[in-house]
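Each structure below is given as structure tokens.
Both complexes below contain chain A, partnered by chain B and then by chain C.
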Partner chain A sequence: MADFIQLFINGLALGSVYALAAIGFVIVYSATGVVNFAAGQFVMFGTFAGVAMLANAGLPWPVGYAAALLAMAAFGALFFIVVYLPLRTSPVVTVIIGTVAVGIVMQNAALLGFGSWPFRLVSPLEGITIDIGGAAISAHAAMVVVVTGLLVGLIWLLFYRTALGIGMRAVAQDVEAARLMGLNVNRLLALSWMLAAVLAGIAGLLLGPMWFADVNMGDPIALKAFAATIIGGFGSLPGAIAGGLFVGLTELLGASYLSSAYKDLIAFAVMILFLLVRPQGVFGERIQDRG
Partner chain B sequence: MLSTDKLVVAYGGSVALHGVSLRIGGGETIALIGANGAGKTTLLRAISGLNPVRSGSIHFDGRPLGTLASEKRVSLGIAQAPEGRRVFPGLTVEENLILGTTPWRRWGQSPAKDLERVFDLFPRLKERRSQLGWSLSGGEQQMLAIGRALMARPRLLLLDEPSLGLAPRLAEEVYERIRQIAAAGLTILVVEQNTVLALAVADRGYVLENGRVVLEGRAAELKQDARVREAYLGR
Partner chain C sequence: MRRYHSLLAAVAILALGGLLSLVLADYRLRLLNVSVISAIAVIGFNFAFGLAGLISLGHAAFVGLGAYTLAILSTAFGWSPWLAIPVAILVTTLFAGLIGYPLLRLRGHYLALATLGLNVSFTIVVTNWISLTGGTNGISGIPELRLGAFAFNDERRFLWLGLVLLALCAAFAVTLQRSRYGRAMMAVRDDETAARMTGIDVTRVKITALCLSAAFAALSGTLFATHVRFVAPEDFNYAHSIIYLAMLIVGGEGAVAGAVIGAALLTFLPEWLRFLGDAYLAFFGLMLLAILIFLPTGLVGLAAQLRRLGGHREAETTS
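Here is the complex of A and B:
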């Protein structure tokens, strides 16, 4: 039982990271219609922003975390200007290839800057464990779950309780009508990219102490986040959360109770099953074409 | 208040407006009538800055609008209830209305009074305030589109085919509300295929054919005009 509790909490923590990555992915997709294949590299950038600020620059962790997230917000804005704006009237295939290409560039930029040797990003709660039902839970894993829960609450407040968030939803639904409401559409689209980048940054900072900070970590995360959005429902925020947690839990429980060689089998098998049987996912939204 | 001078708008190679000139004085209600494809919607879109102007000009309060962005025109006081209503389907009635306050609302300013005024005008919207946009009937969506435009506190209200797709009874109800809004002193430019309804509320009217103004005058005179009666009033 103690083993199970420990695995369950760790699975929730890993799932939380996938969920955050998936939420960022969904925010960008619903606001701009772009399927961002560089989403995994955004998370990797988040981890390495943490490495740069905490390990390399030696900043105390609250300052270092804030600096890393500010850098991610700036990166989101840069991505909006350099990648999204020039491509926004291009055919969808061009945009997909564009984000794949930028993802490769990001990965190699990280390789150039940090080398192929993995780093260890130390958690502020390093070495602390909490006893729950006889299971020793790492305080970091518990913090990941709590922080993700708080963030989900904040995101909900933003989108449903503030004029800014309602405006972002309006832009996602009808750009031209949004202009007629007096909304500054470009500013809101830029904010969507920045929000996605910051969420990926938080995911990266939280993931760093759980994995090694490795320049190749982006691809597995992108695959898991992608599986999470398909299982949960493409374009759905509750779906991204549920899907992320599911993928994280099956990964850790599967590794322990089945075989670590097949730990990813369950999540991807379920994803394929959903694609075949219920492509709109658990919280499926109506599939609609964008004008 | 608003004037267009020899306005030319084209989509690629095809010209939709061939030099349209019209003027709207403060407090007037103007009907723009004409058949499908005459260029009525194109003109409203050009005024709101959604279609680029090829030549000619639009002046609002004596000031040329040039290439001013749509959202800035809303801030100047030009609000539009567009063709097809364009209610945000995934937002509630209240959220749709609150979005309309974007041009004037700053931190700490409450939209409550404006909301109340719109709910007084369209009580149905109050009953449906927490329903999502897509779940409304056509008539309710039209009321929401007009109410949302009013939330911007406009000085010029542009209405594109407010009767389109509505049962006659409902269309009359919507026009009764437009009459009330006009009576309160707001300047209105209404585009309409239903000539009877439009000329009943308007002070003056313009008839648009193939992108040109072919006739203009007082609404009462247009109603009696032989060409209008034959082409648009079915007699």
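Here is the complex of A and C:
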């Protein structure tokens, strides 16, 4: 039982990170219609922003985290200008390949900046464990779950209780109508990209101490975030959360109870099954293109 | 003249490739072989992506399935590779048809993600099904192709074989593209509803395109296996799917010439740009992005534009 509790909490923590990555992915997709295949590299950039600010620049925790997230917000704005604006009228296929290309550039940029040797990003709660039902839970894993819960609450408040968030949802629903209502559409689109980049950054900062900070970590995260999004339902925020937790839990529980070699196959098999049987996922989106 | 296009493509490939096979040194010949093998896969990919508009990020899985089928049949079961090649193509095509039925109901990014998931799953399976595939150690000792006493065991000889197969593939692809089947695929790509209105069986056209792409991919995979005589999981991961996609986009999607040019160019480019060192992939990504934004029809499209521009000028001077 103690083993199970430990695996379960660790699975929730890993799933929380996937959920955050998936939420960023979904926010961009809903607002701009862009399927961002570079989403995993955004998370990797978040981890390395943490490495740069905490390990390399030696900033104290709060300042370092804030600086890393500011850098991510700036990166989101840059991505909006350099990648999104030139591609925004292109067909969906072009946009998909375009973001794949940008992902390759981002990964290579990280390789040039930090080298191929993995870094260790130390958690502020390093070495602390909590005892739950006889299981030793790392305080970091517990913090990841709590932070993700708080963030989900904040995102909900933003989208449903502030003028800014409601404006972003309006743009997501209908750009032309939003423009006619006098909303500054470009500013809101840029904000969506920045928000997505910051969420990916938080996911990266939280993931850093759980994995090694490796410039190749983006692709595995992206694949899990995609699986989470499909399973939960494309374009749905509750779906991204449920899907992320499901993928994280199956990964850790599947590895110890079924097969560690095929642990990743479970998530992808479930994803493909959903695509074939229920492409709109658990929480569904009401958009064509599903078949 | 138009009806000889397929012949022209084949002759051009044989003439240019044959000439290069006589003048290039061994290492360049190896790269040329890699180009030829990739070109066959990319011509196949053009059926699915360029003609029928199916965005697949899993083409390398088909190449891998062909390569692994040949590798297993020719080592564990001691088959002649000549016999294993058609069987590998058949197995891969059947697999594509089987998954195509449910998969091709998806469009756009759903299809992209599903095929990406398929490629990742393929890599996981061949990495872990050790008793059959040797896991990460791969399968070595794949026999060479030979005709009687003549073995295709050095780069020059293999290139001759590869060129003949590539020429046949290109001629077939050009013929098919200009036939009503090719036009049906393009109609499905451009507007599915309109295509259905004209009486085209959209599902069948899409599955045919996917099966053709898988058959060419499998042929490419079997050639890869008999050229390198070793297969391992990382030769067929989704990064290679992205490279096939990039080859077609750089060369010009929808054109057989584009597929061949793109495959050759992206095989030689890392050599020419060796001075970039670790930064090659950044260059590769930026180049791909620039082509998508500024040159959506690829190099073949650029050549056509230049020709049109030249034509106009001539017309102006004569008038």
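By definition in this document, the second predicted complex is superposed on the first by the 287 of 291 C-alpha atoms of A that agree within 3 Å, B and C clash if a C-alpha of one lies under 4 Å from a C-alpha of the other, contacts with A are read in each partner's own complex, and residues count from 1 in each chain.
Just so we're on the same page, contacts are C-beta pairs under 8 Å (C-beta built on N, C-alpha and C of every residue); 3 or more make two chains touch, one makes a residue touch a chain.
Being a predicted model, the structure only gives us computed values, none of them experimental.
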Could you tell me if A:L258 is touching chain B, chain C, both of them or neither one (first, second, both, neither)? neither
Quick one: classify A:A66 as touching chain B (first), chain C (second), both or neither. neither
Under the stated touch criterion, which partner chain does A:L150 make contact with: chain B (first), chain C (second), both, or neither? neither
Determine, under the contact definition given at the top, whether A:I166 touches first (chain B), second (chain C), both, or neither. first
Please work out whether A:P279 is in contact with chain B alone, chain C alone, both, or neither, and reply first, second, both or neither. second
Is it chain B or chain C that touches the larger share of residues in chain A? C
If we overlay the two complexes on their shared chain A, which of chain B and chain C does A:N108 touch? Say first, second, both or neither. second
So the chain A residues that chain B and chain C both touch are none
What part of chain C is in contact with chain A in the complex they form? 53, 55, 57, 102-110, 112-114, 116-118, 120-121, 124-125, 127-128, 242, 245-246, 249, 278-282, 284-286, 288-289, 292-293, 296
Show me the residue ranges of chain A that touch chain C in the complex, using the header's touch definition. 35, 37, 83, 86-87, 90, 92-94, 96-98, 100-105, 107-109, 111-112, 223, 226-227, 230, 234, 261-262, 264-265, 268-269, 271-272, 275-276, 279, 289-291
Chain B to chain A touching residues, read off their complex: 48-50, 69-71, 74-75, 79-80, 82, 86-91, 95, 98-100, 102-103, 105, 148-149, 152
Across the complex, what residues on chain A touch chain B? 163, 166-167, 169-170, 173-174, 176-185
